[in-house]
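Take a look at the structure set out below.
Residue numbering begins at 1 within each chain, and the chains themselves are lettered A, B, C and D in the order written.
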Amino acid sequence: MLTISSTPIQPDVLRRRLFDPAAGGFCAFEGWVRNENEGHTVLRLEYEAYEPLAVSEADKIFAEAMDRFPYLQALCVHRIGLLEIGDCAVWVGVSSPHRDAAFRACRYIIDEVKVRLPIWKKEHYVDGNSGWVNCERCARAS
Amino acid sequence: MLTISSTPIQPDVLRRRLFDPAAGGFCAFEGWVRNENEGHTVLRLEYEAYEPLAVSEADKIFAEAMDRFPYLQALCVHRIGLLEIGDCAVWVGVSSPHRDAAFRACRYIIDEVKVRLPIWKKEHYVDGNSGWVNCERCARAS
Amino acid sequence: MKTITVRYFAMFREHAGLSTETLSLAAETAADVFAATRERHGSTEPRGHCKVAINDVMVSWDSKVEDGDTVLLFPPVAGG
Amino acid sequence: MKTITVRYFAMFREHAGLSTETLSLAAETAADVFAATRERHGSTEPRGHCKVAINDVMVSWDSKVEDGDTVLLFPPVAGG
């Protein structure tokens, strides 16, 4: 399940929600705002999402991950609004009986979230400029 | 760096220690005690480690991961003593500029930790029996 | 002519200077709506990695638009 | 004869009923020490996935042991 949040992500609260007595492995990924992108010094980021379609597209991604790498529980939370360096922009967590499925499902979900969800990222640079960012795969393809 | 701990692992404290302004991705893996192994219902687990060699072997593993998937920061904590279902037995976290290296380094570290460190696991079953567990790769090979 | 409500997101919204407008268009497909708004707002963003939804359902560019539809125009995304 | 201190871990310790003992052995290598302790404690664990250290350094089974060495015998491991 995907949640869009305008308040800080709390990884420790989220991981507890994935506890399952049959789970032997738990994998989490966090996207953090870093101070640099393609040679620009980044001051802060701004995220915008269109929640209704972000949620329904995420439902499809979670179902695809389950088909490929059966897991027990999975969650994703994506921040919107203004974020500073070091802030957590996205959190994905997956619990599974074994670690291989936990790693692979987590990787699948974050990879697809980054390219398929209607979420946009605007970088504010130290030089006063700002710019909307394309997803990595799109940038490579174009 | 590896730490052996006889008290509960605190993932939220550990992840904060991996913050780095250049980090765009953070991947964590946790091994949880689950209620079943190879058809046996597990009540609890007991871990034992030989700390001096666990630490020095882990140093090698971290250096190998750095060579293969350059990351910024990495930590591993392994519990010893008696653990109950749902307890976190091992935590690995890696921060990196990009998510691919974070995922791969985290996976490399946990895979190697499981087979190379002088750490032993004894399962206590619901039927009153108990048994020392071989690493997965060893069990397959033998 | 059809009455179509268009919603703009992210760079499209900034470029158009508004987030929603209702237009009278001779559009047959979602692609026609995209082309009409490009011309209207002098946008140069290629359609390549953009996406479109009609009434909150993701659709392909050749999907038909009906009178009264709401068309959502999504510039290239970058989650995470 | 050499004076060798042997440390047992996990199932080896349980099987021997002690964690450390100092033995007088005609051993040349780590493998000889393993064989002698197997016989002494009637253990049947094959050497296959076991590991050995001499004075806190992981070594191969054909490493030489010296008088006064401490040999650590590690049964198959299973971290995580």
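The working rule: a contact is a pair of C-beta atoms (placed from the backbone, for glycine too) under 8 Å apart; a residue touches a chain by one contact, two chains touch by 3 or more.
All values reported here derive from a predicted model rather than from experimental measurement.
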Touching subunit B and subunit C alike are A
Compute the centre of every chain as the mean of its C-alpha atoms, then state which one is farthest from the centre of subunit A.
D
From the C-alpha centre of subunit B to that of subunit D, how far is it in Å?
26
On a C-alpha centroid basis, what's the spacing between subunit A and subunit D, in Å?
49
At least two other chains touched by the same residue of subunit C: list those residues.
80
Among the residues of subunit A, pick out those that touch two or more other chains and give their numbers.
31, 99, 110
For this structure, give each pair of chains that are touching.
A-B, A-C, B-D
For the complex, which residues does subunit B have touching subunit A?
11-12, 15, 19, 21-36, 85-86, 95, 97, 99, 102-103, 106-107, 110
In their shared complex, at which residues does subunit D touch subunit B?
9-11, 46, 48-49, 51, 53, 56, 58, 72, 74-80
Under the definition above, what is the set of subunit B residues touching subunit D in their complex?
31, 48-50, 52-53, 57, 78, 89-90, 110, 113-122, 132-136, 138, 141-142
